[in-house]
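Quick heads-up: structures coming right below.
Next come two complexes built around chain A: one with chain B, the other with chain C.
Moving on to the complex of A and B:
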């Protein structure tokens, strides 16, 4: 097992991946040294597939999305590793080139729809501008027609009328639909949705995740769905990647990872969710907290909180290695001796 | 499931409106009208001593307003809030725990002073040494170290900050805690720690909870009874197991159907369309009729009363 990430990639058939992230390392140099925000993250997404990315806050979920889009805040930088989009390497491209890619090939959806919308312009004007930037051949009227069609596609009632409304005239759920329409406007190959439903009520949340799922399947778009909500993942994602302290610690098909997790952290996380079915007196809890980036322990980053940790876990960092249909970074699965 | 318990809190016909009128000048110059928002309408419930009553519903349905009314932060427009006498004979006092522990902790104060404030304010301890002992004890109760008292709130994680606000709430020795979305800002693993702590405190200190959350799985874990609110009103109220086994209001059923269930995900569901209408302009009759699959003309015209059923559940629906 020389390079475990390569093994995982090989199984995923790189020829058909829309997105491929290989051994990504993101660092933030500062006065005291260098913070490693992402450490050796590898993942891939196929066209028409939704990869859920979960983990507690600070785990590096958003950072992964930002690094892929070339949106790392300075002095943050990709220190090593590769990002491939549709067979083209995109890490290390210039800001201008990345801007083009973001507008055309990657659509972004954030938790707060207002970050993606300009309050001063009608949603129609914003859609038309985006559409014409990428399809300059389209006339004004045709672009407006496409804007209305997009609003209709994302489930906005009376789109012919709503196209002239301003963002503040929409409810939170409807605004998020508008943002999805904006993201779709250019037919991106990849959509990165960062906590797209976290600010919404459950009944609206189900509408938005249902919409994302439908659009992804219909358009064959690859979706990276970042969320801390396991329920959303369970109902929306095809595969799921679990992050902890800047590392990807488990990845695999959604049923396997949620129902029979291979990593002790994923197991603990799943067990700590209050069940809707049966009531228990005491919730399973993982004691302690995820370490800060400047205090990650040697060995496995999870070892101080892990009941199964042995001497090897405190000494050497486990790499992602195949387990069943997925992969996990845990010594328990590498020969079974921690 | 419970033996006859005394009632800790009785809320009857609680009403609260907010004046959300445009500024005076706009009203004069542009003829804009005064507007009132009915945040809480005719809400009645009781909380058994030592029990946990929960309010659930989507944002804007009036949960926090009820919490603020119960703790006296807001005055009711109409209705009554009656606390039973506590151990001392005086009416129970309620303390509140908020969703965002950071916003409710003074960032410039050391944690020990944050927790000591109610002790000093209410003169619950005579000497500084006694105050410091009690602070250390409270930190221990919520699972922090006495040494943590010397730190500032920003040095703690979200879960630890929520422990600090619980310690501060406990400082005044309340018998009743109003918890407004106490774990909504926390990760599930941290949420489990806080919910376990709250259950432990309930058992050990005999606390009564009014618990508020939009998360039905959390509410199910914590509560003896649950009230479901929609646009300022209780539409269904029942013992926890009754509500989950036999939800009677179509809105309760909608909520139960739409929460993603990790153990039994419905990947092919077609989500119910529609959104909560504006509370400034609520629908006529049963306010849920605009989203209700069962709605008839009667529902548009006439508001259903909250009626008690054979199993003790109260439901406001013409068809329940």
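Moving on to the complex of A and C:
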């Protein structure tokens, strides 16, 4: 009962998980002590499955993605826990070894397509660079052919011509398609998409998430979709993970979490959505603010903002425990708050 | 791209016209040339004849037009000091200065660029910190002090390099080069180092700052997330994005170097344009001063135009800009 990773993965044979994160702790040591940016985060994603990750800004969503990719900025480091990709443990690998995994087995999509492409290289050059980095056996012409096919696959018209165009010649939505093509370039097993539509015009957000969902289902790629847009989650994700102050506080199938959230924080998030499918820019609808990393209260990190909090919530930190089809870290479901 | 180049060239031509105007005004303000050429015996009629011959009776604009026309063909008249053709005087000195500036520029790039990249990617390592600290000294040391120190150590004490002059030169048409003889090359070492030191530190600091900035950019992080190796990221993605300011700085510096060469040339007794100019100033040799002004400005403007065009070559976003 006290190993949350086992609970989260209880229903799936670990061998079938594409990604498995176990008890991940990320710390930033500094002069005044150590900031714990992620505290005991466990989650898993199966091939072809889309896991939505939600939570207020600063909850640790991006940090989780970066830790998995081995891209934590110094002095940030994985203090404990494990990351498994396709049955292989990848935390603690050297940067050299991670270079062979990034792009090849883990594709990445960043928030802002305007800034994620290098302005000085044609999109074709950047695609070919990625393809040849991971498939050195491919010749220049073959890599270029693959680049054109990828552009076509992500829905860019006239890819034979567009391949030689530079990023500034594409609209925001088209650039994000290029970024998706880059993420998919060598058929990775997992894609980490960090707020892929936040910077885009509302009218094209649905197209982009739709595209992402279709491609991942076709290729059987697992996706970790970070967003604070509940509408995107409802339309795209299979399961949802909710983060708060560096902790994973609820995880479960999307219908369950959206319709009957188990954690009061998730409930607050849901209550803020006027109707499913409607989009909100920020999740500032729960009273109070998320604590800073150096001021996390004892007990449950959410207790100062929680209407249901009892003495126990202020004393002991709840662990993730099964609730219905999912799991939540809340005393309400584990023997009461008193 | 063609429109862009034509526009830049038109710009350059305008600037040169303005510079020529300045040079022309120097002539006008320096006094009546007829006064300078006449003696007590010159009659009023002779003076009038001279005025007519020199075209001084024409309107201001016609005179200016003639000046520009002549300058464009390299006709700057005759030196007041020794009666030689100004163009010839400058042509004689020009190669010395240009070779010095060329070597100093190459030196500053060859040393400054790698040091900038190194101090950026190995930030925090002890040698980076030492270089970074050393560069502050390099920026603040006046070049004549550097020159004198170099002479003191390498010529006077160690006797490796000559302390003054250009060594033997070989004439290639009107261009006299010091690149082809051993003494010529040895003579270049100290003056070019003293001229380049400041530029090295400037370029190193610029490249370091730009690299650090670019390394923080999203597209570098995204390139990392695509699994591109560090070396490729440093030298393909990051350095290339730093090149524009380096190109600008270098081109602007060539102008500055020519100006600075004045001091270095004095310290090392280098027979270049700077020395010529200093002599011209002492003798109020207006034609030489005007020619120097025009030629140095022309170099500035030419480099500036080349910079703009290089920008367009490096950065695709500027190619389509109308």
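Definition applied: the second predicted complex is superposed on the first by the 320 of 338 C-alpha atoms of A that agree within 3 Å, B and C clash if a C-alpha of one lies under 4 Å from a C-alpha of the other, contacts with A are read in each partner's own complex, and residues count from 1 in each chain.
Here, a contact is a pair of C-beta atoms (placed from the backbone, for glycine too) under 8 Å apart; a residue touches a chain by one contact, two chains touch by 3 or more.
In this text the structure is predicted, and so the values were computed from the model without any measurement.
> Where does A:99 make contact in the superposed view: on chain B (first), on chain C (second), on both, or on neither?
second
> Between chain B (first) and chain C (second), which, if any, makes contact with A:86: first, second, both or neither?
Neither partner.
> Looking at A:71, would you say it contacts chain B, chain C, both, or neither? Reply first, second, both or neither.
second
> Looking at A:229 after the superposition, I want to know if it touches chain B, chain C, both of them or none. Which is it: first, second, both, neither?
first
> Look at A:317 in the shared chain and tell me whether it touches chain B only, chain C only, both, or neither; answer first, second, both or neither.
The answer is neither, since A:317 touches no partner chain.
> Name the contact category of A:56: first (chain B only), second (chain C only), both, or neither.
first
> Which chain, chain B or chain C, ends up touching more residues of chain A in the combined arrangement?
Greater contact footprint in residues on chain A: B.
> According to the stated criteria, A:207 is in contact with first (chain B), second (chain C), both, or neither; which is it?
Once the two structures are laid over each other on A, A:207 reaches chain B alone.
> Using the superposition on chain A as set up above, list the residues of chain A that contact both chain B and chain C.
none
> State the interface residues of chain C toward chain A in the complex, per the touch definition above.
217-219, 221-230, 232, 236-237, 240-241, 314-317, 320
> Taking the touch rule as given, give the residues of chain A at its contact with chain B in the complex, in rising order.
Those in contact with chain B are residues 56-57, 155, 171, 173-174, 201-207, 209-210, 213, 228-232, 234-236, 258, 268-270, 272-277, 279-287, 289.
> Would you pull the chain A residues touching chain C in the complex into a rising list?
The touching residues are 69, 71, 95, 99-104, 107-108, 110, 112, 115-122, 129-130, 133-134, 166, 168-169, 179, 182-183, 185.
> Would you mind writing out the residues of chain B in touch with chain A in their complex?
58-59, 157-160, 187-193, 195-196, 199, 214, 216-218, 220-221, 240-241, 244, 254-255, 258-267, 269-276
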